[in-house]
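Next up is a structure, given as structure tokens.
As written, the chain order gives the labels A, B, C and D, with residue 1 at the start of each chain.
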């Protein structure tokens, strides 16, 4: 870690323990979040990216189970492991230190409560005074690009884009240090997506917070993230500064993923990745990508590849690299 | 939100329903070959009602003339709240009889429904929130209760608590009737206590057989709501469990329960009637039972009309309540 | 190839399907409990031509009416006014036998691989339905052979492993291939693919797109490819039409739309697409936009007028007509008059 | 051309999909489900009792030669009633009648309900409006009083009871079926069927009904149980054919002939417990069907 590290995930593993099988959703993931940084986490469905996001707020519920590892948060009162926090400490930590915009932000507002009440209750919970809360609601809505009269609305009276902005206002309402956006714009149209993301990034700069951006859209990550983690089958396949990931991808999965998306820039024919991701409820021998990989060789079948440095700050979990 | 337009539309709709129900009541005895009403009058009540009175009844019940004349006359009487005289209690009018006995049934129905809903929401919410042991208990309990006939359970309770168990020569609950023979009806304490004691077993029966429906529904919606993103967000916000449960879970989960009350009302009416019969409780159900036994057709019809009317009003109130609970509903 | 004179007087190749001033309103008023009723014009005088052997891309945001257009073209939804010409015949009033004949020539590929296959019907039964209905003369063995051939054509081999499966035994990508097999087994003249890859994982999309391209190459199908994803649309389409709130605003060859967008809406759309290139990071100064919701209420105006930075008086007085600004590049905007 | 072996392989694969095979595998699924098996056993046992009970009844139900109000003994396993008739025989024979009534009601009202629901849901518009208004009215009018008034005027036979109860039981199922049909109708696979040239009736039979089968079946089970209970309730109220031997008339006579005064619990328990056991069996089976159909439709995402 460096002095500016604000959160550190160390060797984190999460299982979903079902009556008939156990799904290893996240295995041995480590990553750092620095102050003011935008971290991208990309992966396809089932790659474990949303599960990972849940652990940052210790929101996993049955049948999710933390198998090991730490989520260390460096707060103003020193460092602490989020996963070991007592309920009262955890409640203080949630939203005040780390807040989140959810995958289906369309459904993350309570349909029977007014917007102002949903924004107000969390501020009161985190110690803001009544009159302060009232002002802050207006201020936050305005930051998110909404007008004051939204506060009296119920969620069903707002459009998708407006709801998403309410979620941004809500997420920023207690001055968090880290904001997690989990597929926050997936359901939106591209023009609205861009409006919302540019505003979010601007707010991130103005309020100097860190942003963890989780998505399946690798192009989107390229446009906004400083560092990128590519997840596959519950593991980080490759991680590094975003220009390196896109200019010289190392892991065969990252390469194949980039080759599978059509680009407006160059005329190329795209190629899908054959096969399907491995079943995470079964024991995987060797590299999880081996059955779909074009560069597979003997070692991949038996030995699990560790993340190894391929250049400064750029890591790949592949036997082709490192020793 | 409720608009005037909605109120008008709704009133028209209620009127149509009532119209159909009443027309059914009118047509039914006339569709059966050989006018059962007159048959009964001429055979069963031959000695009790003299030919002169018979003529009056025939005109009051609009049994003569063309079908259309009968129909018009039928409506004319109804608008004046006149269902004709009861055969059995002749010449007491049916409306009078209903008015005497309706309060008893409303008390029984209202109290049991209220207790069932509150109990159901409370237990269902707790059980859904906790899942686990209390949950499977609720499931098992309701599975064995859903098909228990109200009146059979009433008979069991009557047998056990009013007949078999005797403590120091006293029974826990009385076998039957609405109040004891020693008290005088009126606003005096002994009467009120007696009424409460007499209604205890009927109410317990109705509550036990009907609350599980609400509880199970509430439990299932709580479980669904718990999986909603807004509950997850509420947790992420660091809100206390208490706030999450009250503001985020229960407020949403009780909505389907509110809709189910209307349907439950229609079904619990039948249960209440049968239970009244078991306990000889002086409500509408018991009167209806007696009316059926003695083929007192005007009384049967009058009770049906009145109960239909009550149910329609109850449905309307539930709809208004629903609009009040859910801001997304616009009654327009 | 016969050449016909189009309305504008240009020489055009013969078209498989074309529409004239297609208009459709949705009026929200249903049920006892209901919300405000208002008219939304989902299709606003839509005029287009899809030529033989071409893949015609249709892009637009959600609510732009692109799916409505697809359903209207296949007579799965009635429109209020306008014409649909299919293989030279006006099909607007088709019912009964005529509609049955039209059905034989058209098919659709759906967005959701999970609900486009009936869960209680086996793969085999699913895909041979069009053959069974339209070609009752085929023998059981011929049907079977055709099914096997088609399943393998969409990349599922060996076919017999799939014949007997039910949808819940297949992955999303496999289901989507079965959906394609069902659409092409009867060799229709015109296929609509409505967002066929948007619900699939990124790594699976490419193969589906390549199958569609193959179909065109091998069988010369006319196809309308509906999508909100411009990069994907560009990859498969020969021409692209851009739709905004029920109005078509621009039609051109794919590369022209991408490289030389003209309509302000198309420009903002192309601008907003994330590009997998960290050197093209978004400029953060453009984050002023207020989100406002407009619907097409059926007024005679440009549907983009309320959001357009170049809006002029004209735009609200009368909706602009298509003009051919460069060869085969039609734009409906007063900026190019 | 395909090789012989491959062609055979394909034929075999296709044959394994016959409806009979699917039914068999469905029943296997129910049987291997804990609740499903319990439900099947309970309902089969009651069914066997209903069919063969008549032959095992030690007495005629009209044989009143014994003493009245006798508690259970070796002569009379479940004691005797107010006339000295054997209650065990009454119960065995009554099971048959009660179940036949329940089953008839289930079949008749399920038929009407499914027909109305599917037609209203699929064809929509005016057909839907008219049918659903009728359903709404029937649902709002309280069922039991309507039953009473209908039965009071119609001839007191078992057929009347079945007819009246069926007429009143279908609306709820119709509403369920309609709303399911409405949601199924919007599925793309229905559009695919339309594009494949199938007409409305073909789509209903091929695409919609098979998807509704579990829910229809579950509802029919409850209609049958509800029918048994409602018939008992009517009989208890003195309506219907009181000469018929069934669970309802057993309870009617218990009440009418002061069984409670004689503390004749042996008379009261059998018919009620019969209904309760029937209900539990039905619940188990329907739960199992629900879970199995949900699992098999699970989209595997």
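Here is the rule we go by: a residue touches a chain if its C-beta (ideal position, glycine included) is under 8 Å from a C-beta of that chain, and two chains touch if they have at least 3 such contacts.
These numbers come from a predicted model, not from an experiment.
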item: Most central chain, judged by mean C-alpha position against the global CA mean; value: D
item: Between the pairs A-B and B-D, the one where more C-beta pairs touch; value: B-D
item: Euclidean distance of C-alpha centroids - chain A vs chain D, Å; value: 51
item: Distance from chain C to chain B - Cα centre to Cα centre, in angstrom; value: 56
item: Centre-to-centre distance between chain D and chain B (centres being mean Cα positions), rounded to whole Å; value: 25
item: Overlap residues in chain C, where contacts from two or more other chains coincide; value: 171
item: Per-residue overlap in chain D, given as positions that touch at least 2 other chains; value: 301
item: Numbers and ranges of chain A residues touching at least 2 other chains; value: 45
item: Touch list for chain D against partner chain B, complex; value: 133, 136-137, 139-150, 152-155, 225, 229, 232-233, 236-239, 251, 254-255, 260-261, 263, 265, 268, 271-272, 275-276, 278-280, 282-284
item: In the complex, chain D residues that touch chain C; value: 2, 6, 9-10, 13-14, 16-17, 187-189, 191-198, 206-207, 210-211, 296-301
item: Contact footprint of chain B on chain A as seen in their complex; value: 57, 59, 90-96, 99-100, 102-105, 107-113, 117, 121-122, 125-126, 154, 156, 170
item: In the complex with chain C, residue positions of chain A that touch it; value: 44-45, 145-147, 159, 161-162, 165, 189-195, 197-199, 201-202, 205, 216-220, 222-225, 242-243, 245-247, 256-265, 269-274, 276
item: Complex contacts: residues of chain B adjacent to chain D; value: 16-17, 20-21, 24-25, 28-29, 32, 36, 143-144, 146-153, 155-156, 158-159, 163-164, 175, 263, 265-267, 269-271, 273-274, 277-278, 288-289, 292-293, 295, 297, 300-301, 303-304, 307-308, 311-312, 315
